[in-house]
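Same chain, two partners: chain A is paired with chain B first, then with chain C.
Let's turn to the complex of A and B:
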């Protein structure tokens, strides 16, 4: 998937929404909603992790592979941005 | 403990062969190479062998006692199974050779035979594996006899978990794993072999060849050939020289066992075990050495090699030994806690052969019978190092694609069966109106959703599936490995990761 200029948080929100099928039920997701209280299971979290990494072409560090990282749209966004900036320093890529 | 307390402390700068790993595979290989006088041999490994599978092994010399419905179902599994059958024949000679170096005061062969019991607590998986074992014994013409479970010496389970059937295997016993390792160690120290009490930090590479190893303290040993045999740590070490190799991934299968001293009652005189069951090797007791008894073992695939023991595993082993083997275990004195990491490959088959870097050989992935197969594999590897034809099937080469033995549907069914076995054995209870079929449906739905989410079409074994659905790191390693193999985009993630699966 091509990463556009769209803010990371918006892309993450879309991915989460699709994984948890929220807007289909008329729910609007906030950046600090606790996803583990909104029907996320270990399996949906796994799908979320794989989709986030594919979308942003990143590999999250091992220490980020835990429940807390995937708790909210905000925490996922922070993890993505950290992984991207760690990578983007030596060579810029989009 | 050893015949001579003196150990060689010299650290050479060069050797013909460096074996990384001092478990059963590494030591039996060193012994074979020394016998063949193929040059200077150095073995590197910490003397405590912490976290290693061999030092924690029950070391049952079992192949038919380990048989399951899967063992002979495909050509690949049959080839694997027959490795064990062939390895079995090596042990009488091995023990003759080693007995004189043993310092335990007891025979290294702690039990000459086994009893396999079928009790009702292990669910249907036990029944089908028990039947598969008898069929395998018949097919290979091996001796066995059905006996009354009450005639097994020492076997005094609680009445509610009593065995309904039992089979005596007169030719499958067990050795004292720690005694055998010590004897091998003592034997090698009487030769020119140099044993270094350290770990290897990295392999040293020069273009297309591995030229040596660098120890933890920075000391470098140049080598004509490096054999990596560090069990569950092997893949990470290989990646220090071959970062971009698409090798079948390996996971640590962390297991827990206990050594305990019997304080009363009739002792066990044979191995007594259940069939393989519920993701693991079945519950077993191995008598000896002396008045000790070995109780094992749990098996859980984990992210990292470690020596931790979970309270749940302690409870599992203690409770089920008392229930299913002998009530008197309750008053045994625990003298040792053993934790070891079996090298478990993604497809369940060993990784044995040359790697695509000159001078680098891999010997691992033997899961739960590396100890038993070690003498046989030593002969094979020694042949290969000498440029002679190997003695085992080349299908286990480490550069292979994963071996396929099942369909996704089969994998899902197996996963359900193993979970049901674990469910009932652990005493989990469902509401009275909830049927076994409903519990099975739950596990089935989990497995189907797992395959959907992972987007892979390779069918996993139940242990790997269980691990990957419960570990984000495990799931990522499995998914990325298959996505790379299929050349899918998005499969080459970049970033700050430190995972072994990174490329």
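Let's turn to the complex of A and C:
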């Protein structure tokens, strides 16, 4: 398995930045900035979800498909890491 | 004569009473059950005076009740006027009054409409199933509210003729729906494509699957497809263009055979890469019965997807400003004639006459053609390609918005001396309406609050930029090109930079 050297949070930050077009407006994203307050719509949120799933080759579980999961770079990162560890240790899945 | 959607539905009720007509995650209704429920509600409406030539309002979010309401209103012979319960009451009231609509169906009690008939009223059980009121092909089937450039919404009245022509073409020519299909209802009740999406399965013996109201509707789509076994669904071009490459393989894997799209220009890669799933792109303004042109994507489809060719009974003309045909390959305005033309804008004969012109190419006197306002060209292979608008109408999330209506509402706010609204695709968070304003600044909250009393949510600008004055170009008009380039979202970034320094 190829493990990217780049921390998950940095990859997520880059995806969010591209999806929400933030750095073009001179905005530097913090891990706890509320994306719903930064103009994210349900459409851009879906794009975010699909890009995250494609990039990390994961499928977010149904219970993660909530507004709260996509609220910040931090919450998305946590969801990605949870989905990854569930994938790596299937026997631990409940 | 083409049968109406009421005739076709009633035939399915007779011929396949035990087939599933409607399905939710909680339960399903056979054609016999759904036929009975809608017949009783139709009878109640008729006792209240509804019938061919009349209009009945429908105030309900997407759901089994709204579907019952649509079919019951059509079966009463009246036209269905869907309204969004979340839209401002003032606007909904104006629309009901302007169309002379006196009867309204509602999914839940409506504060501003105490006389509304509830769709799941338990006393309906005792209602007799009166014989159906057969609407004439020229009676209105539905009426759809669209944004109006002069500041007031327009209500487009569409006769049965146009709807049944589209449904017949969808089933017999375009393969959009089959009797064994499960069609997932994804759009809002107030969008005319909903009439097509929910009625065509019911006209051929298929099933309409109604998803649960979700917190994250877009992401919930895949879940709904899997849970309800959907084989066909509509995804707005605004979603399918950017995300189709990622979404379509997942939908194909979940058993979807066809994705219908439309609402705005379809622009995106990978639309034929999820074989055997097929994407069909429908084009058309509400004034021409949902979608009179259709295009089926294949491996040769370019990113900027053509809008296709006219369905049966429809004629498309590409004309210059003198209404002369332009040669194939040349740009001109698209005019639609034949089956499917709306009656016009209800109560607005002048605006109707301005958009529905006499058809100079028809031998039958009195025939009309609709000026779409869309610039197109016809390719040598007969497919039409959309090039842009001839006016400042825009599409946001698939909703058609007349910029003039938003600007009119802004100018009605105290302190606003002048206003210009632009769709900025480079906005933070994605494409957004941006209001450039001159006058005495109001807070964002105050201005949004005032607009929300007047306009549907998708028409309320997400950003406000106050300028000393709006830039003018040489002829003295607002310089929209300058506003399209103007940086506007850096106020927050400035605040942020200050924080960083301290």
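FYI, the second predicted complex is superposed on the first by the 86 of 94 C-alpha atoms of A that agree within 3 Å, B and C clash if a C-alpha of one lies under 4 Å from a C-alpha of the other, contacts with A are read in each partner's own complex, and residues count from 1 in each chain.
By definition in this document, contacts are C-beta pairs under 8 Å (C-beta built on N, C-alpha and C of every residue); 3 or more make two chains touch, one makes a residue touch a chain.
Please read these numbers as outputs of a predicted model, since none were measured by experiment.
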Q: Name the contact category of A:29: first (chain B only), second (chain C only), both, or neither.
A: neither
Q: Using the superposition on chain A described above, determine whether A:50 touches chain B (first), chain C (second), both, or neither.
A: both
Q: Check whether A:21 is in contact with chain B, with chain C, with both or with neither, and answer first, second, both or neither.
A: second
Q. First (chain B), second (chain C), both or neither: which does A:42 touch?
A. both
Q. Between chain B (first) and chain C (second), which does A:66 come into contact with in this model arrangement: first, second, both, or neither?
A. both
Q: Return first, second, both or neither, reflecting whether A:79 touches chain B, chain C, both chains, or no partner chain.
A: neither
**Q.** Shared contact residues on chain A - chain B and chain C
**A.** 42-47, 49-50, 53-54, 62, 65-66
Q. For the complex, which residues does chain C have touching chain A?
A. 215-220, 223, 238-239, 242-243, 246-247, 397, 426-430, 432, 462, 487, 489-490, 492-493, 496-497
Q. Which residues of chain A touch chain C in the complex?
A. 19-22, 24-28, 35, 38-47, 49-51, 53-54, 62, 65-67, 70
Q | Footprint of chain A on chain B - complex, ascending | A | 303, 446, 449-450, 453-455, 469-470, 472-473, 475-476, 479, 490, 493-499, 502
**Q.** Complex contact set, residues of chain A against chain B
**A.** 1, 42-47, 49-50, 53-55, 57-62, 65-66, 82-84, 86-87, 93
